[in-house]
């Protein structure tokens, strides 16, 4: 299988957050357990959504909609280990009316550890039927879809 | 602090299930991560409840009630490691109208690894107000509260 | 993004194991958390390796080698929920001298929930350099690479 | 069972760190899964140890010693939910030559959610024999054992 995720991407605006590695994230192989990276990626997605005003619990209560992960492809390039301070980031690859395709990365001091492509579907509750994102959210996303300078939270 | 949980207990009926240790359960210290034992204990509790006819999802749907863990005390006596086949068990210490106190254990080939005391509260949804267990469940529990011979699922 | 993993596969020998869904596997969206499926897939891989005589801890001790997940692609087709009894399975898509490509699935009563492609690399310790699998293991794997009738553990 | 952990404690120096609740931390009951609080508590312990110059991986490499959790008692007072920003803290209750007893708490805007007593043993590797903490670490701990004003990381 060739690499699932191309390592380069046209320079786009990226959201990044730091994540520390604790014992809970590692396994007896001495490194971060592979499934744990999906947890790290979720944290970055949720903080990014929060940064555009989209808090998950409030959105569910007000709009009866949520994002679900439809598919994910991960390349585990190098292992992270205990005590590492990781840089977990995302960029919007494609924003459709009802889904979102993200490039997500885990790096350590500029060194690539994990490369991921994650597709989210926007669904209504209950029933998880695919829905269209509300206008204000599509507008907020527009800020993240064009090529822009690197961005980190303050 | 003295041991939180007495190692001996009057011979009571015990429910036991086997649990295998995978990489996902371990940490970089080479052993099972301490919080993971709470996952193992939950599996045994849910299979025991299922064995008395109490499936969590159906009970929530029909009765709008659920169990929540109110407190837990764990002694980590010896570590479990990768590939271990563990014996996770429980006995009812006390069954009140609205709560349940359990003695839970993790053993490996008769050797004690973890000793735990877990108290569950029975609550109504939404709001998590303490509620009384329905009669049929209290009756099913009565089978588990007296001293009885060792029991394992078939 | 088109589906990452083709739903059909030439009939090959499959290894399957049952996995029950507990609260620990779910999230506040009411379904199994997406990263948890990677845990389920690991359990099936480790039980399959055990079934061909390959116990992880012993292999590390004797041969100083291990498998690492190099990449994984997952399609989340339908959600699993609390209390579900899942069928987690795998088939060997390709077995090279130093890596293994697996088709992994999570089904519920014949209904597809997750489709995954997982590539494992065989590495030596310490240092995680790619290594060739020992002959006995390659031979044991040969039993799993041809098209064969469905198989489940007894 | 009476509350395992007294709610009040003589005013001691506390170490605190913020923890956000994501989907990965919750369960289908709509709240944080009880075992997840042990993860939160571990994060605070490791950041506190780091703040006194004790990085886990380096300490293992240099001194072949580590902390293990010997026992833990938790009262789950009120549930945390998705998006909550929690305050996870600790204070040293007792520091012996080979073990450490901590009062740990999870609060939300001053409201108590979890109260815990955690005892760590200091052990040597391999073999996990109880060992005495090196002098520099005992000295660093002395800063944390007397009653002192509230402390948070910068």
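Going by the order they are written in, the chains are A, B, C and D; count residues from 1 in each one.
Going forward, a contact is a pair of C-beta atoms (placed from the backbone, for glycine too) under 8 Å apart; a residue touches a chain by one contact, two chains touch by 3 or more.
Please read these numbers as outputs of a predicted model, since none were measured by experiment.
Student: Starting from the defined contact criterion, work out which chains touch chain C and chain D both, please.
Tutor: A, B
Student: Sort the other chains by how far their Cα centres are from that of chain D and give me the top one.
Tutor: Farthest by centroid: C.
Student: Rounded to the nearest 5 degrees, what is the angle of the rotation that puts chain B onto chain C, matching CA atoms?
Tutor: Nearest-5 rotation angle for the superposition: 180 degrees.
Student: Could you state the distance in Å from the CA-based centre of chain B to that of chain C?
Tutor: Once rounded, the distance between the two centres reads 29 Å.
Student: Could you state the distance in Å from the CA-based centre of chain A to that of chain B?
Tutor: One centre to the other, that is 35 Å.
Student: Take the average of all CA coordinates in chain A, do the same for chain C, and state the distance between these two points in whole angstrom.
Tutor: Those two chain centres are 24 Å apart.
Student: Spell out, as numbers or ranges, the residues of chain B touching 2 or more other chains.
Tutor: Residues 23-24, 28-29, 35, 39, 42, 81-82 of chain B each touch two or more of the other chains.
Student: Okay, in this complex, where on chain C does chain D touch?
Tutor: Within the complex, chain C touches chain D at residues 23-24, 26-31, 33, 35, 81-82.
Student: Okay, in this complex, where on chain D does chain A touch?
Tutor: That would be residues 20, 22-24, 39, 42-43, 46-47, 50, 55-58, 81-83 of chain D.
Student: For the complex, which residues does chain A have touching chain C?
Tutor: Contacts found on chain A: 1, 3-4, 28-29, 34-36, 38-39, 42, 66, 68-76, 79, 101, 117, 119, 128.
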